[in-house]
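Two complexes come next, and they have one chain in common, chain A, joined by chain B in the first and chain C in the second.
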Partner chain A sequence: MDRDVKIRIAHLCFDYGRRRVLDDVCAEIPANAITAIVGPSGQGKSTLLTCLNRLCDAVPETRVSGHVMIRFQGRWQDILAPEVPLHWLRRKVGMVFQAPNPLPMSIFKNVAFALKLTGQHRRPDVNDRVVQALERAFLWDEVRDRLHHDARTLSGGQQQRLCIARALILEPEILLLDEPTSSLDSQAGEVIESLLLTLRKRCTLVMVSHYQDQVRRVADCVLQLNAGKLIPLPI
Partner chain B sequence: MKQPPLDMFVRLVSWGSTLLLLASVATVIGFLLFKGYGSFDLKLVFGDTPPLEALLLRRPVFGGLFPAMVGTLSLVVLAISLAVPIGLAAGIYMAEYGRGRIQQALGLFFDILAGVPSIVVGLFGFSVAVFLHRHFGGRIYPCLLISALSLAFLVLPYLIRTTQNALEALPEAVRLTAPALGATRLQNIRFVLLPRALPGILSGAILAIGRCAEDTAVIMLTGVVATAGLPRSLFSSYEALPFYIYYISAQYRDSAELATGYAAALILLAICAMLFAAAALIKQRLGARSHQRL
Partner chain C sequence: MDGERIAQKVFLLAAVLSASVTVLLLAFMVILGLPLFQGGLFLEILTQPWLPGRQLFGVWPMIAGTLAIASLAVAIAFPLSLGVSSLIAVVAPGRIARLVKSAVAFMTGIPTVVYGFVGVFLLVPLVRESLSRGSGLCVLSAALVLGILVAPTMILFFSDALARVPRSHRIAAEALGATPAQVLIYVLIPGAWRGIVTGLVLSTGRAVGDTLIALMLAGNAAQVPNSLLDSARALTAHIALVIASDFDSLEFKTIFACGILLYAFTAAATLAVRRLGRKRTPAR
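So, the complex of A and B:
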């Protein structure tokens, strides 16, 4: 079974100031599957997610201990090790937030932004990859005629798919999603759900969700957090 | 629904305060216009020199305000271009890199610096000029460069604090967008945080421009004189409008001369308005550019 595990979390503890948010969390997250993290509000679901790309490092007065092992191209690596370059890690482990956060620029430039950060400027390559990412995020048909319009003119659901496309353009091995449908209406949410199901082939998805039905519809595996402790529940 | 009395009261006071402020501004400008309008003509600016000759710097202007206008403009441009890069860099440090005690101590230091009266900054600039005069073979006197450096020093704390505040006010969602896509800290600052904080930063710069243009105490001690003609170099003395206004109001011989002081005040206001407009234009341009380029 080891071959199919993508992320192995061992004795992960997370403290915010004096408050312990995650307490000795141990879990395995399967590759090419959707794993949902569920549980009541304020129990550290989002924190657990940000430990997987170390975005938690950006918050002051926090302390992390334990191990988060991720298998990148067959090799296990402890991403909590201080020598791991954060920008490299975050290109491998993409993230989509609860509220869509397009940058104040055009649709095309939003998606190309991640490539720009890696220093890729060759126009034809960038164009191809932007189109590909938008196709994978089910957005191409809706925006092909207005790629150079301000991204903030899109609807909420479209903006969220744009953010997914922006994360996908770097071909991440893991995609983290923090309640990706909670700010959208049910119809836009359904589109995103079916999108996630197709993305499973390409990468490993870890999603925080509040909705029981959504978890039932899309998740292959569920991790339940309660008071900072994790209980794995097979569906 | 009827508004509760307290709401009504707050609204009334807010409106009243705004009106009071507008009325004071209108009164000041109206007063200046009334007093200074009579002496407003080309002769006031260019003296007996033909305007075109003066503008092309072919012939010097005597007895006109033109040298003082050029002096004030060069002073502001010089001081702002010295202060903005340093203020911006220090503000970025305070908001993005500084942590804990060092950041707090620096914050306190900048606040104290902001509270230093301009006459003290002027005295400091004067001491620097005296020091340089003694140690560089007596060739350096109070001059345009020392005035500009002192003014830059005067406005630095504003620039630092507004840059810091504008950056710190950005919401967490904006702050995390680029790092989540693999941006380094510098990339995040350059591509996302600075463009988003730009309006705030520029309003700090506008305040600083105003302060540089109107300050009299600093320049009085560091190089401004009543008659010098156009500034010849960074190391020459110069004329400036605020000093002219001060000089005329202190030593006028007749009411006509006093009226030129009012007219000079109007010109100073116009120059400030022009500089503000330029800053607003840059703000708009940079905003549009960051939108296009990124």
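So, the complex of A and C:
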């Protein structure tokens, strides 16, 4: 093991009603790397991702068992433990979705929204951090003159980078990405890919991807999901 | 083909008939109330007190009574409805929400007189004994029951509006670590506010237009109420009371002023809702 492990998944099972979606999944995800989860459609790739920030909790009639250990600032924590506060976890483990989902408000407010949730209202701090997050998401130069326009007026690729900025502003230790480029054209996808490569320095990225060539370009590590089981494949 | 054309004609006739009823109602009230519009009498009626002994037939006390009862009822129903619809949308979705929602839908179907009846026998004695002033037939009693009467309409509007907020917005906030309360305050309520305002306006219209609750529970004294425990008479109750006792006098004519006022209020509320609806379309 040449790299630090950030996430350790042990015997993770996930049932949706009577259907077993994840079956005894065991895996290790390295820190400060891009780990791609690949596999055929409907094999529970997105489900696995949402087990890492427990967004799966919101879906009714599901059952999770096993352990998902994450190392937060050197301390291991089983995030499936019921006493883990979900809002705390989700501020540490950010997520970007397949379709960009900006909130119906201005570009600035979208990015500042996450800070508002944590109770940070001091204007100069908020401004600085919004600018920093937009810069890190390669979006600042394109939106600096229209920060107060409706976020939904941005192009798809810009909206997706806005969602990445919104997730980054909380300085998450892990960023989950569920097919982040699949709703974008190839050019917008390339921008996102190069962005992801720079983000590796500050956080651990776990990405579901359908594209073999994308995985080859950006992933440091690949986990293949088949019939609810994970097979690690060295690249 | 022929059958289709006949059906079309029948439906057109039905539509024209029901639409013309609205216009005819206004015309009917204006024509019968015509003597009121001569010599500034209409304005006098709106502003004067109701003292038949001194030949003063103003409906100002009834306007004040309606405003007091309806606004208090809406003020009671609004937080209650927002709470129940938040429960349905956020706190307990699934089976409990369906149960609460069907109970609320059932409440809309209960005849108003049943609410009034329950109010007379349960609430009025309670108000009389615990607040120990007068008969217990007062603004407060009427507004409490009227609030419960209009709440189901509000709840159905509010919970539909909350449910229509796109799921992706909710998930975006949850993924950023929003607590359920934050999702409600920062995402769902702002996203649903047009529906919330629509429900509020229509429920206010219903509270203003309701006759029976005010008639049964407010005491019907033709005076401007000075406190929640004062007896008051609503415009609607006034129409019902006068129509039952008189015919073709100035006193009788005043009910057309009441009718026109109520009509104007309902029309204004409907137009306000339409405007809101129109604004919603291009924003999407």
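Here, the second predicted complex is superposed on the first by the 232 of 235 C-alpha atoms of A that agree within 3 Å, B and C clash if a C-alpha of one lies under 4 Å from a C-alpha of the other, contacts with A are read in each partner's own complex, and residues count from 1 in each chain.
The working rule: contacts are C-beta pairs under 8 Å (C-beta built on N, C-alpha and C of every residue); 3 or more make two chains touch, one makes a residue touch a chain.
Only a predicted model underlies this, so the values are computations on that prediction, with no experimental measurement involved.
In the model built by aligning both structures on chain A, chain B clashes with chain C. When the two complexes are overlaid on their common chain A, residue A:K109 makes contact with chain B while staying clear of chain C. By the touch criterion stated above, A:F97 is placed in contact with chain B and with chain C alike. In the superposition on chain A, contact is made by A:A58 with both chain B and chain C. When the two complexes are overlaid on their common chain A, residue A:I231 makes contact with neither chain B nor chain C. When the two structures are aligned on the shared chain, A:W88 is found in touch with chain B and with chain C. In the superposition on chain A, the residues of chain A contacting both chain B and chain C are 53, 55, 58, 60, 86-91, 94-95, 97, 99, 101, 103-104, 113-114, 116-118, 166-167, 170. Residues 99, 173-184, 187, 191-192, 195-196, 290-292, 294 of chain B are the ones that touch chain A when the two sit in their complex. Residues 53, 55, 58, 60, 86-91, 94-95, 97, 99, 101, 103-106, 109, 113-114, 116-118, 150, 166-167, 170 of chain A are the ones that touch chain B when the two sit in their complex.
Contact residues on chain A toward chain C in their complex (touch as defined above): 53, 55, 58, 60, 86-91, 94-95, 97, 99, 101-104, 113-114, 116-118, 163, 166-167, 170.
On the side of chain C, the complex with chain A involves touching residues 93-94, 168-169, 171-179, 182, 186-187, 190-191.
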